[in-house]
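To keep things simple, chains are lettered A, B, C and D as they appear, and every chain counts its residues starting from 1.
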């Protein structure tokens, strides 16, 4: 009898997420694992429902990418009572009893924010005469990546008085909003803006268009720093419009399936499994581009 | 009989619709049971109630609003606000019962205020409650943009208690929702407030001319809906043990859909509160079916939800017409 | 007769002014109601009768004026206030909730209770008993909307009677009732009068006024023209006072026999036209230029026949023959294309489009027939509207006024004009003169008969038998959803027609 | 007959006092003006317009440009609402049409010896037609559900609202489709005579719609059906066909909005494009003074409503309002605008004063 994994995904709100789903599905297929996939359409209550139905179906392992950090105690206790191990992917959860899940595979959003900031700090050291007034495009208000990427970035630049965030507004992680907000920034701050920090590539791509339409050169007049490392970002880097993207690797599938198999076999697994993530400045884009899967 | 033919048909329709809904719901469960192993187990059925308790409570409030000829888009946001305030106050060390009481009062006041604006300024419910929705979500973020975990023992206990029921278990939240439903059915059919809601929905002007207090009824209806949303918020915080501004996004549409599927006419005046239960169960069953299937990608999930909704509405409609 | 000059009025209304945007509805209007009296309020369409009633029951707030009840000045702010003060009202348009059951419509706001809960059993029982007093035997647990207008009207009256009140106000309660119901209502009113209630009654029927009232107040152009004892005012004088001209008003029946159609060509004939549960197979022929009357009691199936002829409902079996071709109408459009027009009896739900202007309402059917793309030029629309407003004497501030703000009778005239404007070959008039004042009714019927003489066929349905007898070339009598007889002009008179429709004298 | 009437008096359109303040568009316009005034006071250089790269450049241009899809959606929504319906599938149709067009035009970037090269696919005209065709199908579907099956508009369109995005994502496999074909960008971010091209599209659609409303009986029929469908049918109006028409029209408008949005961001994001656009469109229609209960409607009002919403959004961005306060500000302004538009306010005010 093949291993059955019940996986509850957040949704399909971005390319990143789609790549994440695809990776998990293909990994499961390759390993001959039976995958029960449920899409929560961005709602926590749907994830809870899905997990309950996995319990009712007695799957071997439950895995999910939590929409939010808190609120998982009850349902995870039910899973534990049914003796089904739980693996978290992509985002962590806050629970009173850490034994409620066996492992967490995923990135660290705060660290991503820090990396983006560190790149900028380096850049500043090399170009001390340049201005570093930053505008920030945040993700969806209240969402974990937005909170963490903001916090990590802020933490690092706090040590450098030359780096200043002059505007910060939400672009809801979308291109259209990213462009719209950037347009407004450009009108009210004009040439004051030296750096754009976007919480994801999509917003950065939208904003780049706004910058070009304002007659400025993205990547030169305004440095563009973003996070995710999707294909579009690489294309932009090839054209010199984006300076750096911090990778947030969605290809967790193989690691997830492997961990699940280990758990099922009763082998010990690490509580925290980090994924390999890089920082890709424009200089390496051309080399990296052909390797991009998503 | 002739009876102003169109209107006559409508008058009879909700009754059929409600019955048809129940029949279709049963059919769907049976089909699910055939297709997926373990689907028809008792606990899966009880989970339908546990997982949708908050939606049921919201739908009850929505049902009254729709019966009165209005609509309330703010319920999902009020729910989120309720979880947020509860979590925030609990964190600040307030006693849990006081928090619950305050949240329920606050929800009623919020709803009542919208009702008053709708009535006093003769504004359209859609717009006022849409603005109310923005406001309630906005207020969540003012408290905190992060989610706040609830650690209060009472809430935790409510979250984890399993009440044995026919061999399975129910959550306290589900039980509260069922009690609320019973109360609402009683109010709708045996209290003058409930009847006034129907009258106002049937014809506001006539209700006024018959000497009913339309303004009071409307304000109370929105206050009641606000109360239900806040109660749903309390249930939701039992369920999730957290307060969060992004909780229950889009729940207002689910609630409206549930009410309408349950046989209530959006134009007001026709329908049954009990129908809200069948509507909620239909939506819940659709989701459970999809979760049990477990092969649908994110987009197929959407398409299948749409398709099932479509099939459901069409069959409901055709059977209703046939009966006529 | 309880009225005596020494009594003090229960309700005294003086110097009421009420202005609507662009219309002065009431200026210095007034009224005195004595206990134990039936008081009739009369006036032409748009004279301000309904508005006065709405002012004194709290629907509208007057700009000026005083209302004194039992010696105390009152200012009802809502209908609820008025009810608490003991004023019970039936408004002109049926104002009930169509979605609620008949019983509930009667008792809403004053439910019988048991253990703090609404006692549905008692409510249904009491409602049935109350309606039985009005000799109406229906299932009171069904929604009101399943019953025809007349029943709804009786339910509204039942509701008003059930409120223990000092003052009872009835605004045109008889406009959709037939003779029997009217007599029933009157006997109830008489017994209430005996008990000392003050009753205010509005009607356009002179007969009814003289049959029931003790005192008459005449209104003209929003003013009180005068108050008269019924016994001291002749009909002619009354009409003249309403109209405000000392000219001789034509008495009813003066222009009887206006048409005398050639009985030649058939315009339309039905072949066993039927609809299950609604109408038994009907064979009917309407000739060109003929005015065919359809007589019958409430619920005899006249409206159903009209609706089938017009395609408003679809027939289950049978056919309609026009010009030798057999047709079946499934929508009103089909009928309209054949040159048929239909003026419905239920103007509020099936006729008036309340928030549109008089002009738009008036040209609607014509425009629908011409089709979407060939819009009638604005100039032409205005001409048409102005023409009919003048022809039918529609009282409106302008042709751009929303029809909803017109008085009931004037709305009816606009709807009539809507169909006249299409110059139909067959016009189906279901209770066309409902709520229209004496003078105007005469004029409208004259106008219609003129058109008839010019070749238009008319199917005329009215609960006013004398009117049907007077104008029809031929009368078809219906009973229990069957055609049960056909008579030529002169074969029936006021008394024999009653026998016929009640079922004595035809197979 | 007996009522002496002066024909001239009858035809004079409005009953006297056609004062400026009573005009139905006065209050929406006033709200917009107040918003702009606030911007003028608080945002330096708000009204500054300059010529850059041969076209107008400035905050106002942005507002109009960004409001264009919303204005289109609002025009369509106005007619639906006038028939007492509602169309909540607008956002999904936007996503669908944008996706279809972007996929067909598509174009992928190929690296040729380190030099990016772009490849286009289907001819643009064909792609645009296909996208609009998809939108029309959506409209037909909605119309059929409402008029044919008699479903309540909100549920009928809810079905497409849920499934439409799913379909669009199905087409793209959940990916964002990037377009590399230059001419396509003209629709959403091009300039004609120094003005945004999108503006011309809106003006054209608006002109055609108002022409239809004024010079055919469409407007009259739509209102009649909205106010009293029973009476409208009895008067001989083809109510069902009319209802199908308004849903098709609304979907067509949404389809154009979708093209505009995807052209503007040079890509189609099936999951996020036009998200919640339906709510904004309904809000715009109501702010413009059209009642959700059907009947009288105002196309100009809806346009003004859309401009109010976009100006408000722009203001929030430009003022540097922290994102967590956005919603509160927006809701308070909507409340204020609604209340200020209420007739009742005046009455209450007078009563207070008296």
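Throughout what follows, contacts are C-beta pairs under 8 Å (C-beta built on N, C-alpha and C of every residue); 3 or more make two chains touch, one makes a residue touch a chain.
In this text, all values refer to a predicted model and were calculated from it rather than measured experimentally.
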Shared interface partners, meaning chains that touch subunit A and subunit D: B
Remotest chain, subunit B as reference, centres from CA atoms: C
Whole-Å gap separating subunit A and subunit B, where each centre is the average of the chain's CA atoms: 34
Centroid distance [mean C-alpha coordinates] between subunit C and subunit A, Å: 71
Centre distance in Å when subunit B and subunit C are each reduced to the mean of their C-alpha atoms: 44
Subunit B and subunit D: spacing of chain centres that average the CA atoms, whole Å: 30
Sequence positions of subunit A contacting 2 or more other chains: 11-12, 18, 21, 141-142
Contacts with 2+ other chains: residues of subunit C: 312, 349-350
Multi-partner residues of subunit B (each touching 2 or more other chains): 4, 7, 141, 145, 297-299, 301-302
Interchain pairs in contact, sorted by label: A-B, A-D, B-C, B-D, C-D
Sites on subunit D touched by subunit C in the complex: 1-3, 5, 7, 9-16, 215-218, 220-221, 223-224, 227-228, 230-238, 295-296
In the complex with subunit B, residue positions of subunit A that touch it: 6, 9, 11-12, 18, 21, 35-39, 41-46, 48-50, 52-54, 56-58, 67-71, 73-74, 77, 94, 96, 140-143, 147
Subunit C contact footprint on subunit B (complex, rising order): 1-5, 7-8, 11-12, 186, 189-192, 195-196, 198-199, 201-203, 205-213, 269-270
Interfacial residue positions of subunit B with respect to subunit A in the complex: 36-38, 41, 43-44, 47, 50-51, 54, 140-141, 145-151, 156, 159-160, 236, 239-242, 244-250, 284, 287-288, 290-292, 294-299, 301-302
Subunit D-touching residues of subunit C, taken from the complex the two chains share: 21-23, 243, 245, 310, 312, 331-333, 336, 342, 344, 349-356, 360, 364-365, 367-376, 382, 385-386, 389-401, 418, 439-440, 443
